[in-house]
Structure formats: C-alpha cells, structure tokens
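Provided herewith is a single structure, encoded as structure tokens, for subsequent inquiry.
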Amino acid sequence: MTETSVSSPPAHELPAADDPRLKDTWARRQLIVLVVGVAVLACLPLVLGEQGESVAIRTLIFAIMAVGWNLMSGFGGMFSFGHAAFFGIGAYTGAYLLVDHGISPWISMIVAAVLSAAVGVTIAYLCLRYKLAGSYFALATFAFAQMFLLIVQNLDVLNKTEGFNVEILPSDSWSMLQFQQGSPLYFWIPLAILAVAVLISILYVRSRAGQYAQAVRDDEVAASSLGIDTMRARLIAVALSCGITAVAGVYYTQYYFFVGPEQAFGSAVSVEAIIPAVIGGIGTIWGPVIGAAVVGPLSELVATVLRNPPGFLSFLQGTSGLDVAVYATLLIIIVIVMPKGIFGTIRDRWRS
Amino acid sequence: MALMSLLEVQGLTKTFAGLTAVSSVDISVEDREFLGIIGPNGAGKTTLFSLLAGSLPPTEGRVVFDGVDVTGWSAQKVARTGLVRTFQLMRPFESMSVLENVTIASLANRSRKDARRHALGVLERVQLAQYAGTSSGSLPTAGLKRLELARALAMEPRMILLDEVLAGLVPAERAPMIELLRDLHADGLSVMFVEHIMAAVMALSERLVVMHDGRVLTQGVPAEVIAEPQVIEAYLGEDYA
Amino acid sequence: ACSGSDGGSSDSSTITIGSIHPTSGALAGVGGLMDDGAKLAVADINAAGGIKALDGAKLKLSSGDSQGKAEVGQSEAQRLIGDGAVALVGTYQSDVTQNVAAVAERGRVPFVIDVAVDDKILDQGYKYSFRVQPDATSMGTSGAESLAKIGEDSGTPITSVAYLHIEGAFGDSVFKAFEKEAAKQGITAVKEITYPATNFSDATTQVREAAASNPDVIVATGYFPDGVLIAKAVSELKPDIRGLYGIANGAFDDGSFPQASGASGQEVLSANYHYDANSKRVGDIRTRFEKKYGKPMETASILSYQAVEVIAAGLEKSGSDDPEELREAISGIEIDDPLLAFGGPITFDERGQNKNATVIVMQIQDDAVEQVFPKDFATKDLVFPVGSNG
Amino acid sequence: MTDTSTGQQAQILRVSTHPTTVVAVTVVLLLAAVYVVGGKDSGLVTQSIVTGVLLGGVYALVSIGLTLIFGVLGVVNFAQGSMLTMSMYIVYALVAGPGIPVYVATLLAIPVMFMFGMFVQQFLLNRLTSTGSHEGPLLVTLGLQLLIANVLLMIFSGRPKSVGTPFDGSFDMFGAIASYSRVIAFVGAVLVGIALTLVLRRTSLGLSIRAVAANAQGAALVGVNVRRVYALTFGIGAASVAVAGGLMTPFTSLTPSVGEQFTILAFVIVVLGGLGSVLGATIGGLIIGLVQTVGALYLPGTGSLILVFAVFVVVLFLRPQGLYGAK
Amino acid sequence: MLELKNVCAGYRRLEILHDVSLTVGEKEIVSLIGANGAGKTTTLRAVAGIIKATGGEILLGGKPVQSQRADEIVRAGMLHVAQDRALFGDLDVIENLEMGAYSQPRSSIKASLDQVFDLFPILATRRTQRANTMSGGQQQMLAIGRALMARPTCLTLDEPSVGLAPNLAAQVITAITQIRDTGVTVLIVEQNASQALAISDRAYVIESGAIVLEGSGAELADDPRVRAAYLGT
C-alpha cells in the first residue's frame, strides 16, 4: 500500500451521513434472524412428544444460561467458571420466595436478576480490583461458586441439603407459572425468555457499553488510554450476564418443582453454562444458542439410539455407561473438528 | 494563576525495582508546540509517556496538564482531559474492523451514530479510509501505525504523545506520514514526538529534548541540540551528519 | 405423543413398568444392581403366568438412567410415562426421587420408591408416591432401640455413644431420631461429629475426636467410601470402645465391605434394612440373580425386586392397568411375605410410607455379613462387646 | 493481559518477600495459635496436623501433574481426576489379575499413563493448543473425563473395588497415628516433586518446557520442537498422576468416578501455588490439606471446605499470580 | 547457501507470495527491500518454517527444507530474528540468551555470551531484567543476541535496526558485517534501505509478493526507482 502523498482534508469535514461505508445492517439482520427463529421454534411443541418436550425445555434452559455466560466470557473476555453461582441464586430466589412467601415467580425473576447481577458485580469487582486475569480469574469465580454451594448446604433458611419443593397446584395458574404437565406453555415461556436474552445481547454488543467491553477484552491498556473506564465496561457485561443466567435459574425451579444445592450451585452447572457456548462459538450472538441446540438433545438422542441399538450394535444393549461414553466421544469430535465452535467455524468458511 | 504552558512536568521520577527509568524530569510544552524527544534506547522516553498518560503511576513529581494537576490519574481520566498517547508496539483491537477501532475512540464524546461518521472522517484524514471495513489484525505495519494515530485523533485531543509512529515505515511511507503530522500540528494540535528517525525529527520538531539515563540531557533548538558533542556521543554517533 | 393412562391400555397384552435408577455416573454400581433386580422381578412374574387378573397380561420393564442427576431423572420419568408406563419404581437418591415423585404426581402415575431415605419426600402430601424402605427417622429410632437392647443383653447397658455422620439431610435426620430415642433408652450421644460428603478421604481425625469423648460405642451413619474410612480409622486408633455400630450405613452391611475393609471390618455392627437371609424365597432369588448377572444381589437390588412385586400385586388387586385404579389398589395393599427383614407385611400409611419397614442388626463375622439381631432373624450369634469371643 | 503495573507489582512482591518464608511463618504461627488458644486437646490437634500433612501430600501428588499441563500448555485439564481413577484401576487390574504387589504395579502404571498422556496431547489437543485456544481443550478434557469414567464403568462395573497393601497398619508419630500407606504416599509426593523440579531446572528438556511455556513461537525459533514438548509435558503430567493413583489405591475404595472429587481441589492448589510451579503445587497441596483437616476441628462437615476456598481467594487477592507464579 | 525457487506462501486461504525466487550465496549479505506489506516478513517466515510454503522449493545448503518444521531448520543452522521479536517475556536476559543456545552444546554458552555482550554491552548490565520490561530497542538487541547464541551458519533478520538509536542502528549494521565475516550467511530485511544496501553484496526488491528487481547493493542504491520508493531521496 504505497500511497502518493495527497494533501489531507481537515478533520472537521465529515463524510456524507449516507456514506455507504457507514451503513451497518448487522443489528437489523440479527433481529430478523431472531424473529424468524422464534417463529419456527414456537411450533416445536406441536411435533414433540412428552419426553421430546422435556428435553427441548432443558435445552432452552441451557441456551439461556449459555447466552448469559457468553456476554461476560465471550464479549467481556472474563472467563467465568462459576456461573453456577448466578444460576443458583436465581433458582433459590425463586424457590425461597415462592415456597416461604408465596411470591409469584414472575416477580422472582426480576428480584433474582437484580440480586444475581449485584453479587456478580461484587465478585467481578474484587477479582478485577486485585488484578486477577485469565485462568486465575476463572478459578476465582469457580471458588466463589463452590463457596455458595457449601454455604447453602449449611443454611437452615435454605433447607440445607434438602432444597425446596414447589407445591403442586390443583389447577393451571399464570401468576404462579404452573400448568398441566406437558403443556406447551412450559416450552413457550423459556423460549420467550431466550428470545429476550438474545435480543439483549444483540443490542448490547452494538451499544456503547458493549463496544467498550469488547475493546477492553482485546487490549485493556490501549482501551484505557482511549479514555474507556475499563472497570465500568466490564462490570456492565458481568451484570447483564449474571442477570440473564439467574432468570434461567428461576425458571428451572418452576419447571422441575424441586431444587437442591447440587442442582443449583453444583460445579456441573457451571460447566453446563460453558459447553453450549464453546461448542457453538464463543463471543458470537448465535453460538450459544446453536451449541445448546446441539448439546441439549445429544445425550438423549444417543441414549435412545442405544436403548434399542441397530442390529450390528445390539451386543452393546444395556451396557451401563455406554451412552454417556458415546456422548463424550461425540463432544470431543465436535470440538476437534470445529475448534472455533459450530457457528464460528461456519462463519469463517463463509467469509473466505 | 498566570498563563502557563499547556503541559508542565516537574521533577517526574519513576523507579522500577531499583532501576530509575525516569529521574526528576522537568519539561514544559506550550500550546500548539511540536516537541521532539530523542535519546538512546532505554533512556526513558516511553516510560515518560506512560507517566504523562497515566499508564504508570509516577514515583515522584507532578504532571499539570492545561492547568489541572493530573498526577497519578488513571489513564482513562487523563485521556478524557485531552492528553492522548499512542503505543510504540501497535495495539489494535484485533477482533474489530479498522473503522470500529476508531469509532471506539470517537464514542468518547459522541452518540453512536455520529461517532461512526466522525471516525470515518478521521480515517479519511489519515488516508486509511479504504481499509475501513478490513479487520485490523491483517493490516500491514504502515496501516497499523496510521490506525494508532487515527484512534488517538478520534479522541480530539489537545495534545498527543506519539511514540515512534514512523518506526518500521519505509522512507516512501514516511513522507506522507510526516506531511500528515505537519498538517495536524498546523490545525492546532500540540505534539510530543518520540522518534529515532532523525530526518523526521528534524523536519518536524520546533524544540528538541534529549533524554539520557532517565534525565533530560539537554534541550533547545533542534539544529543546535544535535550539534552538541554530548548528544552526538550519547545518541547520534560519530558517523552521523 | 400420548399421555400416561391411555398409553397404558393401548396394548393390553403387555403392561409397562418404568424403572429409574442411576445406571451411569458415580452411583452406577448400585444403580445397575437395582435395575437388574427390577428386571429379574418382571421376568419371574411373567414366568409365573403374568398378571392373572388381567388374563395373564405380561409385564414389560422399560429402564431409565437418571445419571444421578435430578433433572435427568425427571425427563426420564416423563419419557417413561409418555411411553405408557402404568407405574414407576426408583430411584435410590433422595433428590432425584423428589423430582420423579413430582412428575408422577402430576402425571397421575403411581411411583413405588424402592430406595430413597429422606423423610421429606413423602411430606409433600403426594398421593401417588409409596415407599417400601424405612425412612431416615424410623431407622434412627429403631437403630437406637436395637442398640439399647444389645447393650442390655450383653449384661452391661450402653450409656454413651459418639456419633459420626455424613453432612446433609440423611445424616442429620437419622442422628436426630437416634438421639431422641436413645435418650428414652438412657443412652446419651456425648459427641456428634459431621463430616463432608465430598473430598472426605481420611477419617482419622474425626474418629479420634469421637474416641476422645470415651464413649461405650461409636455410631456411624453415611455411605460406602466414608464408612470404610471410618472402620479403618477405628481399627488403627484402637479406641477403648465396645463396638463400632452403623445405622443406615451404606458400607457396614454391603457385600463388598469385608473385602474392602480387611481386618478392620471384623465384627463391625450395622443396623439397617436388609433382605431376610433366612427366607428360602430370598435365597432362591439371590442365587438366580447372581447366576444371571454375575454379581451378588445386594439389599437395594432386592428392594427394587420387591417394589415391582408391589406393583404387580396392585395390578392383581385392581384388575386394571389404569394408573388411577392401580394407585387405589396399592394404597390399600398388604403383602405378607416381604423379601426384607421387616416387622410385618408391607402396607402403606396415608403418607405412602411402608408401616412395617424397619431395620435389623448385622455384623461382619469371618468376612461375611451375618444377621445377628433380633434373634428370629439371626443367622449367627451376636458378638458383643466386640472382640469378646477371644 | 500485559498490564505493566501488574508486572511491577509482581516484581516488587518478588524481591521484597520470598513466598516460602512467608508461607512457612504464617502456617507455623497459625498452628501455634491453634495449640495455645485453640482450646482443643493437643493430642487431637497433633493428629489433625499429621493427617493434614499426609492428606496434603496426596493432594500435592495429584496437583503436580496438573500444574505442568496447566502452566505449560494452558490446558485446563478436567480429565485429571479421571486419569487418576484410570491409573488406580490399572494398578487394581495388575494387583487383582497377575497378583503383582501394589507398589510394583504403580511403577508399571507410570509408563502406561505417560503414553496415554502423549497420545491425548498428540491426537486430541495439539490442533487446539497450537491455535492458542483455551476453551477447546477444556471441553475436550471434559469429554475425556466422561469417557474415561464410563469406559471404566463398562469394564469394571460400578461396584466398589479395593486393593490390599503389604504394609497394612499404622504407627505412632508424635502421639498421632499415621498409616504406613499414607506415609508412603507422602514420601512419594515429595520424591516426585523433587524429581520434576530437577528435570525442569537441570535438563535441557526442562529448559525447552520452560521456553515453550514462556513463548511457543520463540521456542521454535531457537530450535525447540514445540509439538514434542507439548506431548512430553502432558505425558509427564499423566505419569505423575499415575504415581498418585498407585500410591492412593491402598487407602481408597475404587469406583469409576472416585478421582473426580480431586480435580476441583487440584485446580485450587495449582492456581494457589502458581501455574506451572511444581514447588507451588507441592506447598499448595500441603496448605490445603492442613486447612481442611485442622479447620475441620472448628468447622465440621463442609465448613472446612468453605475455609479452603476462602483461603484460596484471599491468597489470590494478595498475590494475583499465585504463590510461585511468574506472571 | 540459501535458495528460494518460485516460493508461494500466505495466511490461510490468502496467498501473499507469488513465485518468489532468490538466492543467497555462501557468506553473502543479501538484503530484501520493499514497501510495507510487500511480503518481506512473509518471505522470511516461510524460509524459517513458521509458515509453510504452499508452492516452490526452499534449499538450505542444497537440501530442500520447505517441508521442515521451524526447529528442524534451526538445527540445520538457520536462525531467524522475527519482526515481533518473539522473546521469552517472563524470563530474564540471561535465560533468554541461554535459551538461544538451546540447539548448541552447553559448553558453547560462555563464549557466545561474551560475543553477544561485546556487541550489545547494555545487555550485560541487565542480566536479570525480565525481557518484557525492557525498552523497545533493548528488546531488539536481545532478539538479535539470542539468535547469535545459536552460532548460526545462516541468519535472517527482519528489520533489525527498527527502533534503535542512530548510533546503535549504525553499530548493528556494522555488526552484521562482522557477523558475516565470522562466516555467517545473512539475509536481511531493512527499512534503513540506504544503510542496508551499503553493506549488501546483492539485494532484491519485492513488490506485492513478487520480486521485481535484483542486483548488487550498489546498483540498486543508484537505481532511480529504488531511490524514489525506498530511499526517500
């Protein structure tokens, strides 16, 4: 790129407002995809059976968690290894308010989101304040999640290891978010929540705060020398991330009618928040959703296939552990074949 | 108080675990001045910039910018007062396009829409507009250098600290860059300029400061300064000129 | 997709029973045994001509794997109900059982709990859940009674115990119940020591702390690995006690305990629900099980077998495979020859708890689990105080 | 994060206080406090300390392998615990089958696990690690953990297994009981720690490992075969886990998922000690072991674990790069 | 000594070098000059085995090396000083230099160290400073020093004088001639084209991934096109 020196125009001369290079249709395109996607998914319950739906719902819960996780770890660049903490806060806030105070889960969702955001911001602030980065940050968040788990197991108000049972109401109730077993509403509601979560990510990523967060992720020093309040930018990402994850937790309690410490705060939950995002593609809007859509049903599919396996495999029938082993193998293969995640890899192919 | 220079540095000192990188430096830069800084490798030029821009906390001394004492302020706070630096080793936001890189800086005092437009304007000014859409990661060195500059300019600074913006540019690339810097200065930008390429230093600097072992060795009119034997001895080398 | 009930009657010649156990994951060992137990029960019933009341309809067991996770357990339960199961058995873990119970309740399908100890499961007022095994509280209570009697029989009453138990609902409620009953019997729990369920890989300190309060007996409630650690620690520290006594202890009466604990397991006592080693029927079932699956049939596995029998009996009684009627039948059922060493026939109270479920005391003698108390279940004589036989 | 100010902070800390002395002093003071004002029977305290140190040895043994893999390859190896289980079952198989004595079996397990580690890196992780991704490897090892656990389940069933030891029994140590097998494990930990430290410090392999850890491309430019170093590192990590597994079998009831509980603590220990620092992992292991057992005197049940994580977080805040961390 | 025959190379699907051919004779200094983004670094990276040539041949001492890994090429005696220096940031100066001698017997280290310290005295005074805390120029010196530690028979330098003070830049340039005189073949990419050409036996000009000019240093230094584009005169 050898330029011949031309006398440069003074800075204040702005390009025309309708300059094609200024056009940025990204957000609009994402929104269209979102609308279409939701419309299509909304029809699923009509074709799914009882089990199909329960798997689909679990998948949706995964997806919401992953979308939340991705805001902090993908776009914010702070790898959270302790999102169980925020999912758990959601699940327990919902359970506690409902069981002990009869408060509607809808309200709990808001309370939980705020509470979890506050906690998340506090934790993140401490970690960043003390300059924890990379693996150290990740493990610190993990440690906090573990502490939450252990503390909950020792708190009488939260029934220690017993957890909470949601009372089964005789009839459907919107306010209490309870419907006939297998009602499509159990699918549509989390679908709506997911849609909102994705919408938030789309808007956030393009917002000032979102742009700042990504800049800080790429190069903290450069960002701060451009006048960006790096701490603030990061904490906003954390707050959104934790809030969304908490809502997933509230819904979990509602749908499963029972939540205990392990279901809410167990380290497995933290991992479940990460897997879809990584499989689908970290730091992308659709990666977590696609990842969840793949991983969620995967184990059930494998189990179903192996329950009555094709002839040549029949000798394997009923070997306990086989289904999980196969599932694990598939997981490994996906990651190796698509190192940037399904969405990330496909997008790269597309571009070049 | 009486009208004072845009940047006042008094007794600025920075020590790293025993080693004194910058020791009691006093410099003052007038508004709209173009100050060149030269000095051997390790003289403390970059560290000085880091101290001024708040990237590093000083061990001692004061930094007063535009009448405000900014000593010990965080980098982001300093940057918002209109004192902006560039980096010797370029640090683009790799995940973003060139335009987005600059927009980030424009956002400092604009709405998102205007920022994007303003950023493009800046890119045009630094002749990087044709790369607006490309990802900053794959820019060649010359592009990256301009990007560093563009990002700083997008902050609309009063004063800009340029750390070796010409390093790594072939002579053919340098000319337009020098041209550009001259224009910017003409438009009223104050500049502190660290560079080892003497041709450029001489072409641009109104005043020249020579640093050595963290101290100000000497300063004054460029032509005179580079004639000083101690400067030749410490920096330029005999076979120069 | 079909909802529970009509699915059941859609094909009258075979009746599906769903079995949910952790056949993979950390508990896969016992989970597998229990699933096999249920399978064997179905096979036996079919071999004996199926459900007579439904003109010889055959039973079919479809198995689900909870992987030890509550939400997996739940979706498995929904799958099985969806596939037309008229009743469920399961699930070994209390939290998984909670979820499945909720599903069963809302799906209106009877759920016979083979193993799951937590009292709370049946405190929800669920109408479709029944439990065969004794719950934590009753085990704690009868554990205390038995201990007291054993003391008296030995001539010198037991007055003090130190209690080691695993943290969590299970350990807590067994201990609470024990403490309450023990007080009545004149036994004081001089020390309570809880240990964590995870990352517990050495019991020496805890046991030493227990011994420091020099009790007559050290009582322990927990699962297998921690049980082994405690037994080993006791034999290493050789505290001056009259015995190590497990209540609802997952190790002390497990078939693989003697081998796992070696010398240190000798003469350890265990108050727990257990299959009736004196019953010929049980003996026959266990030999056939071992032949078929190559593993010894532990008590948990027998309970799964028993649970299937309960459902079968319910079907016979109601003469219908409609889950609603089946539930009715089970709630009023009475099974006279339980496979377990219970205090009487299997019948459920209004909560769904088996009234006569109780514990007996076992002891490790020459590397085998022997029933030693009460007398009418005994297979060997009780050795107490431990080591008193020379 | 190349944040210069962190850099200095680290440097200043490094010159001003040597971690080992600080740690040693703190630990001694705290333990003294427990004796004097702890209000517990001193015999019991001694017991808890002895137990804690021995337990710490076990933790160290598991963490040493992890710290290499974590520090050099930047791989968050979730399969560490399962690899531990795997080596336990290898030893079990050798003992139960041909009847080889347990400690001999351990020696045999080492090369097997070393090969396994090399294999995992070469065929599962290399493509990902060379692209510098951290999440990819994390997931692969997660999958690996599930895979190992369930394959073991398919082979050995889930019933608890156990392995006898020639040195059953225990002896008295400062009025506390210590079982031979645990003391042997502790000694093993120390030996492995020393051996690895020597390898890293003295041998050219160690040199190349440190080079790769510092800057893979730079290492290639001075003639280091980076892929090979990666594979060897993972191999060594796996091998030291084999030692851990072997030495632990005598006092562990084997189930296909017995090792997993160690993974979490191992990570805590590795980060506490500082990524890639063998010494750090050893010291960290001892600290955690002590905190857990001595803490249990006052906080029964999971209380002591809460304490463990609290200590972990506090140490990180005081020293963001871990006790012996470089960055 | 070093020969490139129609080498093609690039990043992912994007080809940067198209049929680049050049030769560097035994104990020669050859410089490669070109605009920013012309492909100089890419050429050196291909030679060093950091990126794989997608076409053509690279011969080192007559042996094809285009398929060899970077470390194998180093063992074959060819060292590369990267544009981004690739130092061991967290290791100190001495460790960096010792690491440089990785491919050499440890006995050689002492002598090599002295040689490097003669060339860059500042390094001797910073033995225990961590590399990533050094100044831009100091890092540059360390990078060159590290390469020399390996006693190369063939050395490729990517902009060695970038960011160096004029006197030091001059020193480096003269140092390169000294290095050559110790029997090392040198391929150098320089912005300081005039100084580079002054010491080069031969030189090539690369434009957008293709060699467009070649000749002796002196010839090119006088070539009007070169003067215009790369000497800024």
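A, B, C, D and E label the chains in the order they appear, each numbered from 1.
The rule is short, and it goes like this: contacts are C-beta pairs under 8 Å (C-beta built on N, C-alpha and C of every residue); 3 or more make two chains touch, one makes a residue touch a chain.
A quick note: this is a predicted structure, and the numbers were derived from the prediction, not measured.
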Contact distance in steps, from chain B to chain C:
2
Among the chains here, which has the CA centroid at the largest distance from chain A's centroid?
E
Please flag the chain sitting at the greatest distance from chain D, going by CA centroids.
B
Pair of chains joined by more contacts [C-beta pairs], D-E or A-C:
A-C
Take the average of all CA coordinates in chain A, do the same for chain B, and state the distance between these two points in whole angstrom.
42
Intercentroid distance (Cα basis), chain D paired with chain A, Å:
31
Rounded to a whole Å, what is the gap between the Cα centroids of chain C and chain D?
37
Contacts with two or more other chains, residues of chain A listed in rising order
1-2, 153, 221, 320-321, 324
Got the chain E residues that touch at least 2 other chains?
35-37, 133, 229
Touching two or more other chains - residue numbers and ranges from chain B:
16, 55, 140, 142-143, 172-173, 175
Flag every residue of chain B that touches chain A in the complex, lowest number first.
53, 55, 74-77, 79-80, 84-85, 87, 91-96, 99-100, 103-105, 107-108, 112, 116-118, 120-122, 124-127, 129, 132-133, 140, 142-143, 151-153, 155, 172-173, 175-176, 179-180, 183, 187
Can you list the residues on chain D that touch chain E in the complex?
2, 4, 7, 11, 204, 207-208, 210-211, 214-215, 217-227, 326-327
Listed in rising order, chain D residues that touch chain C in their complex are 41, 43-44, 47-48, 51, 54-55, 58, 150, 153, 157-162, 164, 168-170, 177, 179, 182, 251-253, 255-258, 260-262, 264-265, 292-293, 296-297, 300-302, 304-305
Contact set on chain A toward chain B in their complex
1-15, 17, 19, 21-22, 24, 206-208, 211-212, 214-215, 217-219, 221-230, 283
Quick one: in the complex, what on chain C touches chain D?
24-33, 167, 193-199, 201-202, 204-206, 208-209, 212, 224-225, 228-229, 232, 236-237, 254, 256, 259-260, 262-263, 295
